[in-house]
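Two complexes are shown next, each including subunit A; its partner changes from subunit B in the first to subunit C in the second.
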Partner chain A sequence: MMRPRFALVLLGFVLWAALPHLLTRHMTDLLVFTAIYTVAGLGVGLLLGQCGIVNLGQAAFYGIGAYSCAYLTVELGYPNVTGFAVGAAVSVLIALVVGWPVLRLTGYFLALATLALSIIASSIFYEWDWLTGGELGIGGIPKLDFFGFKLDTPGRFYYLAWGVAFLSMLLVSNLVSSRTGLMLRGMRDSSEATASLGVDLQWLRTRVFMLSALLGSIAGSLFAHYVSFTSVQSFTVDKSIGFLLIPVLGGVRSLWGVVLGAMFVTILPEMLSQFGDIHQILFGIALVAVVVLLPDGLMGLLRQAAGKLGWSRVSA
Partner chain B sequence: MLEIHSLVSGYGALTVLHDVSLSIGDREAVAIVGANGAGKTTLVRTICGLLRARSGRVLKNGVDISQTPTHDMADHRIAVVLENRRLFGELTVRENLLLAERRGRGARKVFDWADIYALFPMIEERLETPVNLLSGGQQQMVAIARALLLQPNLLIMDEPSTGLAPKVVKDILNVIKELRGRGMALLLVEQNVGIASAITDRAYVLALGRIEHEIQPGAWDTFLKDERLVKAYLGS
Partner chain C sequence: MSGDILKLDGVGHRFGGFTVLRSVTLSVPERGIIGLIGPNGSGKTTLFNIISGYLPLQTGTIEFRGLPLTTQSVPDRNRSGMVRTFQTPKIFERMSVLENIMVGACKITRTGMIQDLLSLPHARGEMRQIRSLAERVAGEFGLAGDLPASTLPAGQRRILEIARALAGQPKLLMLDEPSAGLNREEMQQLIAAIRRINEAGLAVLLVSHDMELMAVASAVHVLNFGEIIAKGNMAAIQQNANVREVYLGV
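Here is the complex of A and B:
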């Protein structure tokens, strides 16, 4: 006999694997973006949910990950994997150098500092055209291949993007249940008591910021290889706000909430676009409705629904 | 063990401690008594780095720790039980203790888990219970146990008896006596002079941020009998 929970997971897995074959190419494309945004949103959600830090700078790291892949593969002809690695290394280093002084700030001031990071990064992406191609961007980024299997369609890239998304979720989930996770929970509860137990709070926050930057960079690298083209428009402050919306909409302390939030910002605007010119207004209304009506985000709604149906608990 | 010279400290424009000097010897238990608002908690917060001293020096075994951040106090073998215990309520007893153990690892090990269980049998029974669900006395025990896992030789406690029933206070005093027997130096901040006199050798009386009086070893009884003194400094 299979345990019901195991059966449910198996069913979910089969459904997940079958989706690209059942859905239209366009819908699959949106799900690839959902996965990419989930990776970037997980980092922002970790900072928001565990440390109470509003990060309006994620697009900076998303951009670094993307341009690193674009420049290294197109301009210098390096193998694809170097773009991921260099982007990740540069992002983590910048997060350390910027985070260490900036994370002394709290509340609005810290949020403004991260906003400044995003603004500065997007001007640099624009101005340093020798590196980023400026307004023209960099095109012709090679498709990834996986042991000779070319990921050149949404249906194929889907598996890589979601594979990375699930791995990132696993990573974050392990972190939250580790001793570091205990420190984070302690810090939320009483920062002074946590410090008195020998936890360096600033270093703890900086480490989470570095991890968030790493996830942002990987998401950006995936994005660059998926669309084969990087343009400054993809890494503006708007994008940072979008990344922040993901955990806010989904529910800050839930991994699956981040997936729901990512679906909200990728799929909903597409569905609304059939209403023509007013689709942005409709999206805005939906956004406000979720924030006002669902303080625990979409995941909170799902949990309530599960509770009403008599399921003891939806695993997070 | 601990020497404080001319400490000045406060919040923003408000100076709370004016020129406070005191010392604690090895294995000695010293109380700071005083009325509400005398600056007792400010003193604790300044010693353990939660509040930066305006001037003055705090020496632990001769090393100036007045600029040492709170999270490095364990390196100097100082542990603090803050006012109101400050436990992590959603976390279990075990998780609360694990957080402290991290720092104690690798250091000289005076207290291991077996010692903790011996001192507080209740902890072994309630390891997986969220701290929120414990009684006030049990929570205080967890707070002390957590501090001990930092392997201190100086334990600072801010009002450990507040809000606890007399019977529970007695249990806690017994634990503190046991710790003293093991050579732990103790700085006890306490409004209740009865409790302070039961477990400390001597005391400083803090009033309006100044040390106004010292109670020498063996002089606790004389002080407590002198109603005028008690009333003047403690307001009761």
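Here is the complex of A and C:
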């Protein structure tokens, strides 16, 4: 007899696999963006939910990942994988160099410092047009392919994007339930006490920031290969705020909350666009409503609903 | 080898123009229990903060396990074998009792973040190891591991803080006012716990106002306005004229 939990997971998998065949191309496209934003949002959520660090700099790493792929494949003709690797390495290195001094700050000062990182990166993306193409951007980024199978439609890219998102969720879940996760939560609750127990807070924060940057970079690389075009408008401070909203809206301490948050910022605006000019106002109202009415985010709402229905728990 | 795990010699400290410690000299023998008493504002917690690295050493010297303590960070000092508790218990409110203690044991593990990310067998093994250690420590202190730490009453919070400190298998335990807020029964538990810890081989440096608790110490130092004005066993301290003047005004 099949266990209910396994049956539920199997059903979810079948539904996930079938979605591109059931949905319109446009909806599948939105789900691809949901997956990409989930990867970037996971990094921000890890910092926020486990360390209490507000990161407003994720667009910088998202941009580095995207431009690495764009420059290396289009301008220099390197294979696709090189862009992912170089973007990841550069992002992790910058996170180390910037994070080491900056992560000594706390609270608003740290949030402002990460915001400054995003502003500086945005300016560099604009000014270094020899590398980024400036306002014109870089087009013609090749589609990813696996052994000749080209991921050139939303339906095909969907599986890769969600595969990366699920893998990232699994890795973050491993981290949160490990001894590193324990130290992170200790640091969030009382940094003074955690330090007194032999935990090097500075190095711990920096490593998590590096991991967050890595996820941001991978998301940016996926984005570049999916849309085949990068421009400065995609990596502004607005994007960093959007990435921060993802875990805040979904629920900062829940991996699935990040997915819900990513859906909120990608799918809801599209649904509201049918209302014409006021759609952005409506999105703003929805955003404020979630933040004010749902302190535990959308995942908290789901948990409440599950509790009322008598289900044992909704997995974090 | 002197047999002292901790030695302070001429330790002084100023906050701006205000001198809070003047040439404090004391030592804690290995496997000894040393008490430090003094009225409010006498500099006890400042001294604790200097030893544990929260405040810089301005004058004098500190040696721990034969090595000088100068600019080592708080975590480095902990890793060298000393651990402290706080005047107001700093427990991890959003974690369970067991998780609190597990954080205390993390430093004895060797896995890195990448092994944790990949959930490699070694990382999982070490996680099981610190869980089992934390369960044992919680049991020794009569703590229910699965309770949320935020639900513990004041006395149990102090006990949890001590249990958490011990999970890292230190050589010196520094307790800052551990009896504050404890009821009679909890106080007896605390005294028994300190004796048990000491019998297991740990040195203890104890700061407290509480004379009953100080009875566990083999020697007591009295700090007043940043100076050691008396030292000896508890009976001698209670008879000391300077101490009686400070505490009783007679």
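Here is the rule we go by: the second predicted complex is superposed on the first by the 316 of 316 C-alpha atoms of A that agree within 3 Å, B and C clash if a C-alpha of one lies under 4 Å from a C-alpha of the other, contacts with A are read in each partner's own complex, and residues count from 1 in each chain.
As a convention for this text, a contact is a pair of C-beta atoms (placed from the backbone, for glycine too) under 8 Å apart; a residue touches a chain by one contact, two chains touch by 3 or more.
Here the structure is a predicted model, which means the values were calculated and not measured.
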*Superposed on subunit A, are subunit B and subunit C clashing or fitting side by side?*
clash
*Regarding the shared-chain residue A:L211, is it in contact with subunit B (first), subunit C (second), both, or neither?*
second
*Counting only touches as set out at the top, which of subunit B and subunit C does A:M183 meet: first, second, both, neither?*
both
_Between subunit B and subunit C, whom does A:E192 touch in the aligned arrangement: first, second, both, or neither?_
both
_If touched residues of subunit A are counted for subunit B and for subunit C, the larger one_ = C
*Looking at the overlay, does A:D200 come into contact with subunit B only (first), subunit C only (second), both, or neither?*
both
_First, second, both or neither for A:L171, with subunit B first and subunit C second_ = second
*Could you say whether A:Q274 touches subunit B, subunit C, both of them, or neither, answering first, second, both or neither?*
neither
_Intersection of the subunit A residues that touch subunit B with those that touch subunit C_ = 179, 182-183, 185-186, 189-190, 192-201
*Under the touch definition given earlier, write down the residues of subunit A that touch subunit B in their complex.*
179, 182-183, 185-186, 189-190, 192-201
*Where on subunit A does subunit C make contact in their complex?*
171, 174-175, 178-183, 185-186, 188-190, 192-201, 207, 211
*In the complex formed with subunit A, which residues of subunit B make contact?*
48, 50, 69-74, 79-80, 82, 86-91, 95, 98-100, 102-103, 146, 150
*Which of the residues in subunit C come into contact with subunit A in the complex?*
52, 54, 73-75, 78-79, 83-84, 86, 90-95, 99-100, 102-104, 106-107, 109, 111, 113, 116-119, 123, 126-127, 130, 161, 164-165, 168
